[in-house]
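Going by the order they are written in, the chains are A, B, C and D; count residues from 1 in each one.
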Amino acid sequence: MSMNSFGHLFRVTTWGESHGPALGATVDGCPPGITIDEAMIQQWLDKRKPGQNKFTTQRREPDQVKILSGVFEGQTTGTPVQLMIENTDQRSKDYGDIMDKFRPGHADITYWQKYGIRDYRGGGRSSARETASRVAAGGLAREAIRQIAPNVQITGYMTQIGPHKIDRGNFDWSQIEQNPFWTPDAQAAEDWANYLDVLRKSGNSVGAIVEVVARGVPAGIGAPVYAKLDTDLAAAMMSINAVKGVEIGEGMAAAELTGEANADEIFMGQNGPQYSSNHAGGILGGISTGQDIVVRFAVKPTSSILTTRKTITKSGEETEIITKGRHDPCVGIRAVPVGEAMMACVILDHLLLHRGQIGENRGRIG
Amino acid sequence: MSMNSFGHLFRVTTWGESHGPALGATVDGCPPGITIDEAMIQQWLDKRKPGQNKFTTQRREPDQVKILSGVFEGQTTGTPVQLMIENTDQRSKDYGDIMDKFRPGHADITYWQKYGIRDYRGGGRSSARETASRVAAGGLAREAIRQIAPNVQITGYMTQIGPHKIDRGNFDWSQIEQNPFWTPDAQAAEDWANYLDVLRKSGNSVGAIVEVVARGVPAGIGAPVYAKLDTDLAAAMMSINAVKGVEIGEGMAAAELTGEANADEIFMGQNGPQYSSNHAGGILGGISTGQDIVVRFAVKPTSSILTTRKTITKSGEETEIITKGRHDPCVGIRAVPVGEAMMACVILDHLLLHRGQIGENRGRIG
Amino acid sequence: MSMNSFGHLFRVTTWGESHGPALGATVDGCPPGITIDEAMIQQWLDKRKPGQNKFTTQRREPDQVKILSGVFEGQTTGTPVQLMIENTDQRSKDYGDIMDKFRPGHADITYWQKYGIRDYRGGGRSSARETASRVAAGGLAREAIRQIAPNVQITGYMTQIGPHKIDRGNFDWSQIEQNPFWTPDAQAAEDWANYLDVLRKSGNSVGAIVEVVARGVPAGIGAPVYAKLDTDLAAAMMSINAVKGVEIGEGMAAAELTGEANADEIFMGQNGPQYSSNHAGGILGGISTGQDIVVRFAVKPTSSILTTRKTITKSGEETEIITKGRHDPCVGIRAVPVGEAMMACVILDHLLLHRGQIGENRGRIG
Amino acid sequence: MSMNSFGHLFRVTTWGESHGPALGATVDGCPPGITIDEAMIQQWLDKRKPGQNKFTTQRREPDQVKILSGVFEGQTTGTPVQLMIENTDQRSKDYGDIMDKFRPGHADITYWQKYGIRDYRGGGRSSARETASRVAAGGLAREAIRQIAPNVQITGYMTQIGPHKIDRGNFDWSQIEQNPFWTPDAQAAEDWANYLDVLRKSGNSVGAIVEVVARGVPAGIGAPVYAKLDTDLAAAMMSINAVKGVEIGEGMAAAELTGEANADEIFMGQNGPQYSSNHAGGILGGISTGQDIVVRFAVKPTSSILTTRKTITKSGEETEIITKGRHDPCVGIRAVPVGEAMMACVILDHLLLHRGQIGENRGRIG
């Protein structure tokens, strides 16, 4: 048991703080013979990298990943893969004020209450920089999936910023890479840019909703009842910084459906069962149906804002705080590649887990 | 690693099928010296028991728990506690039709695709009867919590059935035990009874939302970054049958908040920090703040309904299905004690985990 | 993490005390589709059962196993298999004297010091009766192995009782089932019978060495560096009651060998590599070579003897103790089927683990 | 579950190959507030470091540890501690011959058969260099133990090289640091030096036995029945490269004892129970008695020797091999600090585990 690890067979342990020498991911259980190099992982880190546009933090980190172990002559060897990212832009003077004060809505106070010590520089371990390690591990997971289940495609995108939702009627997969919000609704991207610009200038921040879809996942992946695919996805997404809610398929809206409306009717297609709808989000009883796996999560607004908030000091005195420094007006944006990475890790893990328990002898229909 | 286990130090493994000889929970890691007997656990099982009113399945199971190990002279010994519930009312003829057909919205098809074999009687392992095991384990967890952190109170209640939400203005803790829905809004209880009666007679079902609150949890419980308190709670709730969404504090609505609105301001109270609000749901950075821990989850409608739905057979032929038998028009009702049980197990587990890593030397404020 | 569980994918959790209502094993992760019934497991329990001859305890327990879950129509379903053995012969008056006194060489005192409470009836959880649960789980593991790797044969036997070792020159596999000691040396069996008879009548006990061999295990099973096949076997055997030493291949005698003598030279056979010798015990770098896997463990003498020994009471007063009751003069005898069961569980677990990480694409030679 | 991790709450994951850029240990679950710096860890690495005398490999690695995370202002923060050691002396041309040939007695062939790929440079992941990571983690464990259980002292030493055992009558703790073999018998140290010198010059190698003792461990540490203290110690020691046997207390010799001889009689001392002897090696029922915890393990001779041995190539052709390069004539010597490190990690882990489940309310005697 490790509190900084996730996954059953493809097991990722992340380590490192925002302003220490480095951070990274120790990845154990990766299948051998996967073709991988640093560039293949770097592409995903670049997607998450800060400072790419005015809607993300202006901290400039190259976030260059190094493979320290587990890869030989361009292939994984089956032994642990160490992925390290050195910290380079550590303007720690920005954080002087939070040495003694707790930022409302931030983990400052709970780390202190738990450990009695805390690395206050940039949030230390509670910083969203930790998610770079996840993205690196996810890059490796994607390549392993490509070999084991080549039809799987994992795509994340934003569906809401603040009160502004996308119009599902405008959904266009090809738009996702075309705007800084990774949203499939081109019109929403324009509207959001204006909205967020005003917000950013006022020193405020806002929440968002991210949806991640895995297409082409074979039926039968997942394991009841406490390693369900949806259980593991819920844990994976909820573990991301600032996430406050996770939904599978209909999600919270399932409460409003009747049994008649909710039941995805089943038909027989050329290559197996097909469904009239996907309220289930591709998962029944914790096991994949072969439909799209649909996960959605809400990211709360950054707590580091330029508005004065009331708080207390470590010695218990009441005071006020403004968080200067370089922050994201909407951390939800950079959560998109993080959500994709977590999806990739969970899917790969369950592909291996299924193969371990059951091999290739799955139940056939028809 | 066990796919049917949850928890780190207080570790629960459930086993058993709906229509086998018995089901139960193997509970490892319980602290020794906890006063416990079967009646103390039975009270929680009785709360979940079917057939108590017309809104839950008419299957009549006494759900009588037996303690087979780990308790000596009325106290836990620190060794595994085996909690067994024998199945008695197994009218399996009701399930004949689903031997060969898959119920839409049910795990029938995915179990078949995964394992190539499935106990079709009453859903087998995928039946909600499995949750009786959780409630039994939760009963033990509550008694252990009482000894370790006596101020903790765990209470679940319904906040929504179908489209009908409670009015938070009517919230009254004392009402929760007064109606068959465990809802704190007496007016809602009346309205829901009428609504559900119509639905039940039509052979349909509907979803619901359950909220579980843990009051009195000390600050500092939880462990970043993959054993976060909210991560473990999300996994625990999502693992419950039919759950499709989990929220902490503001949940999905956090997406709509600005950073200014979301930040729970901090003041200094007599006994430590106090907050102006609880958008965070009592958890920051995965660690408890000392405020109420608030979790909410959506339960989808039962898939076993009296309406004809299109489906296929095991051999791939298209057909139709009506699920006769005795089912819940709203499984969300009986999910209330299950959600409470999962909350109890997670809280206890993290109390032990914290004590293991850190002992009593927590950080103090003021 | 569960302290009463072992195995990675094939995960066994045992529960129960010597004189409680029942004990058993919760087995998670078993492959589906394994043909199994109670009789197939019972045969192994019968081998371990007490009271079969004068060299084992005269306690008479039928040790009848019941399958409570995870099996449907004669096949495993892939969900947890609960194997329960009810306790029937609980002559607890025999144990009255040890309520307050600690038996030297027994876990009485440490359980008390750890938990502050202990089930003193028959040793409670520390009783060797717990090994019945292992044997039941091992019976299931054997059937699963039969399907996945049908050439594997697992056989245990005694090689030493007290100072009396077998003569390896007399080794005859067919003798193992022919004597109460499961020893391959017919002459040793005769000598030991006389030796043990004298010892038994004097109320004394003695230690033994058991060897367990797995033949036909494919090369490539095991996983460096902390889930090595030898690591897991060492843990599995050391976890058996009264075991004080574990050896792989040459074992402790490896200390006396030179590198030249120790290196098993490699040749090319019809079906892959062959070796000039097997000092390694079939494991190199934690991974199987395809040779016989050879594990040996020493069992200390029963601490429950009829000789007066000095001890203290729970309140710290010095006193003496004689342990009456029905005990084994050499617990090593009944440890043979237990060692076989642990070997079966470990081998199956690693077959699944290998398949999970690597599938069928192993390295080929030649 | 991670195959490269060990420990329950104090959890160590090692990574890295002999000739990659670096290797290290990711340590999760360390208590916060432990004073630590690189020098405090370096002292133990220096003890294990090669090239210190003519009896260990002449490879010259500074083995300089860097702390990359989890420590702030000289104290652990409770988050993962990353300990990295960069590889500097990578004379990989020495290993050219083993690209295609398998060294008898080495993991070359099994890694190939398992993974179908292997980093042949210096043995890759199977190299004893991996043990540097363990020693680093052990250094941290020692400091944490110092805070939690300050009386604990952990000391390893050699008791046998080849056929030459120490004379227990000469045992002198103060001698251990005075000779290159870390042996408490000064006479043996002299004899061994001559013996090993001859062996080394002939290009041969030899096995050894190492004993590790933990003094001052409080009674009550350990957890039946599969996380027993002796189980975890057996696994920890057996996981060390080249170890073939593990003993607790009497070890394999327990087979020769009668129950009367084996029972350590109990008396009442000033500070709790005392024992007439320690056949048990300080552990009963998997739980510490408060006596010295005594573990012994056998290390086989290095398989890399200058004698010609028969082997095969990757393509299955029979051939011969001589392993040139820089190797240890007796790897057992450098296994001493490794064994100490594993003991430290296991003891700390169980101190935390005990505190987690039970807190401070242990059973008292008298």
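Points to keep in mind about this one:
As a convention for this text, a contact is a pair of C-beta atoms (placed from the backbone, for glycine too) under 8 Å apart; a residue touches a chain by one contact, two chains touch by 3 or more.
Model, not experiment: these values are computed from the prediction.
With C-D and B-C as the two chain pairs, more C-beta contacts join C-D. Distance from subunit B peaks, on a Cα-centroid basis, for D.
Each chain gets a centre from the mean of its Cα atoms; for subunit B and subunit C, those two points are 38 Å apart.
One finds 45 Å separating the Cα centroids of subunit A and subunit C. Centre-to-centre, using mean CA coordinates, subunit C is 26 Å away from subunit D.
Residue positions 1-5, 8-9, 14, 29, 32-33, 78-79, 114-117, 125, 224, 353, 358, 361 of subunit C are each in touch with at least two other chains. Of all the residues in subunit D, the ones that touch subunit C in their complex are 1-6, 8, 14, 102-107, 109-117, 125-126, 130, 160-163, 199, 204-209, 219-228, 230-235, 237-239, 241, 244-268, 273, 276, 279-281, 283-290, 296, 298-305, 307, 309-312, 314-318, 332, 353-354, 358, 361-366. By the touch rule above, subunit A contacts subunit C in their complex via residues 1, 9, 29-33, 78-79, 148, 224, 352-353, 355-359, 361.
Here subunit C touches subunit B in the complex through residues 1-5, 8-9, 11, 13-17, 20-24, 26, 28-29, 32-33, 66, 68-70, 72, 75-82, 84, 114-119, 124-125, going by the rule given at the top.
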